[in-house]
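Dropping the structure in here first, questions after.
Order of writing sets the labels: A, B, C, D and E. Residues in every chain begin at 1.
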Amino acid sequence: DKQKKDDVVKVGMITTLSGGGSGLGIDVRDGFLLAVKDYKNIQVVVKDDQRKPDIAVQLADKMIQSDKVDVLTGIIWSNLAMAVVPAAVNQDIVYLSPNAGPSALAGKGCHKNYFNVAWQNDNLHEAAGGYANSAGYKNTFILAPNYPAGKDALTGYKRFFKGNLAGELYTKLGQKDYAAEIAQIRASGADSIFFFLPGGMGIGFMKQYAQSGIDLPVVGPAFSFDQGILKAVGDAALGVKNTSQWSKDLDNEANKKFVSEFKSTYGRLPSLYASQGYDTGMLLLSALGNSSISDKDGFRNALKVADFSSTRGKFKFASNQHPIQDIYVREVIKEGDILTNKIVSIGLKDRSNAYVDACSLK
Amino acid sequence: MIKEEKLNLIILLVLFVIPFLAYLFNEPYLTTLTTKIVILSIAGIGLNFILGYGGLVSFGHAAFFGIGGYVTGILASHAQNSEQMFFFLQFDGSNQILFIWLISIIICSFIALLIGYFSLRTSGVYFIMITLAFAQMLYYFSISWPAYGGEDGLSIYVRNVFPFFNTMNPINFYFICFTWLLIFLTILKIILNSSFGLVLKACKENEERVKSIGINPFKIKLISFVFSGAITGLAGSLYTDLNRFVSPSVLSWQMSGEIMVLVILGGVARLYGPILGAVFYIILEQTLGGISENWQFWLGLIIILEVLYARAGIMSLFLKDSKS
Amino acid sequence: MTDTILKIDNLSKGFHAVRACENISLEINKNEVHALIGPNGAGKSTLIKLITGFLEQEYGKIFLDNKEISYLTPEERAQKGIARSFQVSSIINNFSVVQNIKLALIGKNKNYLDFLTNINLNKKLLKEAFYYLEEVGLNKKANELASSLSHGEKRKLEICIAISMAPKIFLFDEPMAGLDGESSELILQLFKKIKKRAPILLIEHDMDTVFSLADRVSVLDYGKVIATGTVSEIKKNNTVKKVYLGTEH
Amino acid sequence: MTNLLNVQNLKAWYADSQVLYGIDLKIESGQMVALLGRNGMGKSTTIKSLCGIMEKVEGKVFFQGKSIINKPSYEIAKLGFGLVPEGRRVFTNLTVYENLICSAKKGYWSIDKLKLVFPRLNERLSQMASSLSGGEQQMLSIGRALMTNPKLLILDEATEGLSPNLRNEIWKVISEIKKEGISIILIDKYLHKIKPLADYLYILSRGKNVWEGNSKDLNDNIVKKFLSV
Amino acid sequence: MTISLFIEQILNGLQFGVMLFLMSAGLTLVFGVMGLINLAHGSFYMIGAFAAALFAELTGSFMIAMIASFVAALFAGALTELIIIRKIYKRDHLDQVLATFALILLFSEGIRWIFGAYPLYLDIPNSLSSSFNLPFEIIYSKYRMMIILVGIIIAIILYFLISKTLIGIRIKAGQNDREMIGALGVDVTKLYTIVFSLGAALAGLAGALIGAIQSVEVGMGEPVLILAFVVIVIGGIGSIKGAFVGALLVGITDTMGRFLLPSFFSYFFDNASATSIGSSIASMSIYILMATVLIFKPSGLYGGKND
């Protein structure tokens, strides 16, 4: 109802809907669609990228060339984002990232058409490092898969963590058995563990860790402890601290509305990804309400203002158009029979990102 | 029910007119899609040469597709960023597509020579697996090697330069790829009808016999393997230019599998089989993907029906005298 | 200057406990048909495999035309002029009959690295192939798939391949097995003709054939040569009668 | 004597090409019947059709009064067919012993009996069949069929590749088997060996039986016309 | 690095090896013995895990869950064999590749359709969640010990089934010459259905046993499939002994590679690069192992012949 013009806005959503990791894509899509569902003049084209970069590129081509979309969004994975985003934003398409935030797009590679609504990739890991300090850990064992996002994760953690490293390990991407790593952890004399192992890797690690009988405190980013995945990890996750910019129990109006609407629409609890999809939709709506899509500069400015009520509470863009936001520390708890998260503290307050200075945008 | 030559001609004609139709109806994406079909066809034709005619089932052809792709990406990215490639050599890469093709073919041939030299000691299923092993080594290497983006891949933003043509125009780029398709079809047709071709086909069935008429089957197979690797490598090079991007996923075993599926789907040991396979596969992927979230389920179902009822690939559905 | 074309010197090969060939020495002369007979499992096929290089000897040497070939690969030996037939037909089943012969001719002419010339249009090659097909009487089946040939026809094709290689020596492993009377006779005549081109080392269990064709016969038993001589000498040899011929001949 | 096998108007095809054009055969139980003919006339195809391993066959085939045409091969075999196929077809990935027991049935023939006929096989029991010499494989193929203790033994060129004395041995075995009352279908090229043994002979030419009768009737004219030069 | 850590890692390698064998056991049967290239083998692994997760949730009993995994995969296998696989035994290996590739799509998407896109919960029973204390201060999980036991038992059973029983001999004969074994009175068709289903059931059981300590998710079968192929090929196709030895080799190579290579490279590089380079090479290690084995033994360690 706030929208000034009646012109139709076409949004292309490229996301992962089939195969491994499709849960994330589905949540982003559902969250986004929930946000924009009442706006008839927003047309959303959703396509499945199968988690393959080349397919994502081709879908972007299709959406730009044939569907003539104004805005692209939806990509879950950094490597797919790296494949699609640079080319798209150079063709004057606005890209709103609901999940991936690779450092290359935050620093030198930042672009006026690229907006990240989720986080810069390092953020949650940085917060974990920050939390480790405040929890008094002195000697941490850290591990992540051997690929760029994994390296970013450990770099992010080390950026804030002040103690020693008892060990640093890169595991094989897709690895499921961690007996060897856990043995090393046990032998390392560490006082805590930080890990970034998304998807099935994290499930395997947590279960095996719990079975190993070691009870050092574990910290990780939210990805391995989010709503969709917690059920599969089971009680092994109880008590684990994880860092996230969002949580179901965040006490603000927008979030309450989101959580209840999401539950009633889809019949399940929303996840981190759903919240990000939702916020992306809300951001888009706010910009459309204050400008017209035909005026690209105006539209970009409207986006940059980020005049929307985020499910995370306060939300602002840094000059490189990545969020400035609080990153919370959550703890996995049980609500009745259901595993879920509860905020315990703030890990980093008003965290921007490490690449702002490298970006030429002002 | 028609003759194979006629069917082949029809396939080429259709491929030829699609971009014009796409232009007429202002559907540029159709041209991009057809370009993809043509590129995958080239990759498939490369594989089919050894798989169909030589009986060498390589499950590692993504290695060549990927190396061709990475050579292109690396040369171009250096040229774009004017970064020197080797610290001891004054060389900034290149964005001249003709030069890039040359280098891709040379490097892919060399790698194929190495991989082939070791792999061809084995046969049958062992060959399938050893080729897979080499491709997997490259895959894991590419994921964890940070210089060119690791798993994030490498973007080159604009296509490489072809003299007198603007390659960013989809139709121009399409016809460059289409020309390559024609070139390879012609070359392979000539080779398959030559003495070498006959010996290669003989190796597929009975190496003992080939040896006892005085020909070393290893040599024949190795040469074919190099040919095949070079062709698939060039396809990879084109694919990078199509997407203006390359990433480890082109080196993955799924990619090898996909190339193989195209070949089998179209019809093994038929020159135009991979083209039909690619057309069929991409059309299914595009249309089913639009219909249902669970489109891969239906894709699977259709492929199974195809295997059960079109014994020798899709080609055989159209042909009267289908080989048994 | 001797008449010997193939000389086998003290050749041995065993498989685990089985001594398949034990110190075998043989000489094959120009223009002779040399038959190799012996009980099943005596080591005859093994000897052929050693000569053609499909198996490696433990010790001993092989000379072709006075040049040692003991350490060459099978294909090198074939190029030096050894043509063979296999005990179980070894042809290219997916090829037509004439393509099988063309293949052999390509091997003989060593132009397998010709990538350009279309062999289907090569009249000279076709003519040459047909010349040999006619010799064995397969010209009528030239364009049929080799797999559709009957057992006997396959054997003829196999012999035809060997002939078309115009070798220095033929090694035939039971070429008559499974042939009907008429075809056997035809092959018999053929052998008489081609022995003028090159000597034949013939393994055969059909004694009528052996006795009507062979100039000399060697008898193998448990991997050893137990007798060598002319047909009449062998027929008279009591050991040979006992281990191989039985009472009939 | 009762009728064991009755074949009427048997036709068979390889893919689209017809090879048998109406074969008629009859075998009484306990009889030994020989199929003669030049190469490629359809002898082996007839055998394969009877055993149920041809893809496309037509006609009538009764075994002990039961129709067996187009039945799966294993059912036919269970009725008591024992096949020694052309070209041996031993299981090369099994040892000699495994070859012998894989389809064995209890009865007169056992490994111990077989040892006496083929001492050579006995020496090789644990060797892989692929490494046997040609003749040894042939012995194995015969032995394997005997071990199924068949009612009807089918020998398609079973003496091919055997040494003369062993061949004689096989002929002796065949006549012994016959004495035990087992019926036999035989294809072989040694006419002088077949004649004294066979009760009845058929000559095949171009997929049809063109002559039949007993050994005495098989005169030189017929032999010349249908079998040799 | 202490000696006890080293020993423990060797143990971990062995245990990972046995786990790999468990994954490959069914594949050895179907691929090695029947000669069928079955890419969908990983799907049965997945089906087993999902069935177990479902029944564990319904009944709360780990035992029942394991039985369910076996039975579900057995059924899925039998059905697949009857409807599809039996039509392609005679076909080229390539047709088998294509058909079973399609089966992967069918099963994966089918499962996702039914169970949704997120991983399911399956955990080990409490009674097995504790550890043994071994000498040298080595602590070893009871559950993993049980997996080792199950793996070894299956290895022994399979070994006897294949090399010592008539069934095994007949299957192998059928692989060599189906037509001939039929003509000798053996109904291989039925035999093949049984064996295929059994292979599938073993995969299903492995999926459940291993899913309980890893994760139960769509697509869990494919990486396992590749690993299982690697194991079988290293050992030599068709040899149970080979598969077992191959599995242990792969397990130890992988574990020790992950463990030792990063520390090895830390002699040359700083810590972060060393662990990165070391783990890159570690992730290639099993493929390097396979290529090396095949270059020197082109038909695997215990493979008799090619093909």
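What we mean here is this: contacts are C-beta pairs under 8 Å (C-beta built on N, C-alpha and C of every residue); 3 or more make two chains touch, one makes a residue touch a chain.
Quick caveat: nothing in here was measured; it's all calculated off a predicted structure.
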Can you list every chain in contact with both chain D and chain E? none
When you check each chain against chain A and chain C, which touch both of them? B
Between A-E and B-C, which chain pair shares more contacting C-beta pairs? A-E
If I average the CA coordinates per chain, which chain comes out farthest from chain E? C
List the centre-to-centre spacing of chain B and chain C in whole Å, with centres computed as mean CA coordinates. 44
Chain B and chain D, separation of their C-alpha mean positions in angstrom: 51
For chain C and chain D, what's the span in angstrom between their mean Cα positions? 29
Compute the distance, rounded to whole Å, between the mean C-alpha positions of chain B and chain E. 31
Touching two or more other chains - residues of chain E: 108-109, 112, 276, 279-280, 283
Chain B: which residues touch two or more other chains? 140, 143-144, 146, 294-296
Chain-to-chain touches, reported pairwise for every pair that qualifies: A-B, A-E, B-C, B-E, C-D, D-E
Counting only contacts in the complex, chain E reaches chain A at residues 2, 4-5, 8-9, 12-13, 15-16, 19, 108-109, 112, 116-124, 129-131, 139, 141, 143-144, 212-220, 223, 255, 258-259, 262, 271-272, 275-276, 278-280, 282-283
For the chain B and chain C complex, residues of the former touching the latter: 190-191, 193-199, 201-202, 204-206, 208-217, 220, 223
Chain D contact footprint on chain C (complex, rising order): 15, 18, 37-42, 44-46, 87-88, 148-153, 174, 177-185, 205, 207, 243-249
Going by the contact rule at the top, pick out the chain E residues touching chain B in the complex. 31, 37, 84, 87-88, 91-95, 97-99, 101-110, 112-113, 226, 229-230, 233, 237, 276, 279-280, 283-284, 287-288, 290-291, 294-295, 298-300, 303, 306-307
Show which residues of chain D lie in contact with chain C when the two form their complex. 14, 17, 37-41, 44, 86-87, 120, 127, 131-136, 138-139, 157, 160-168, 189, 227-229
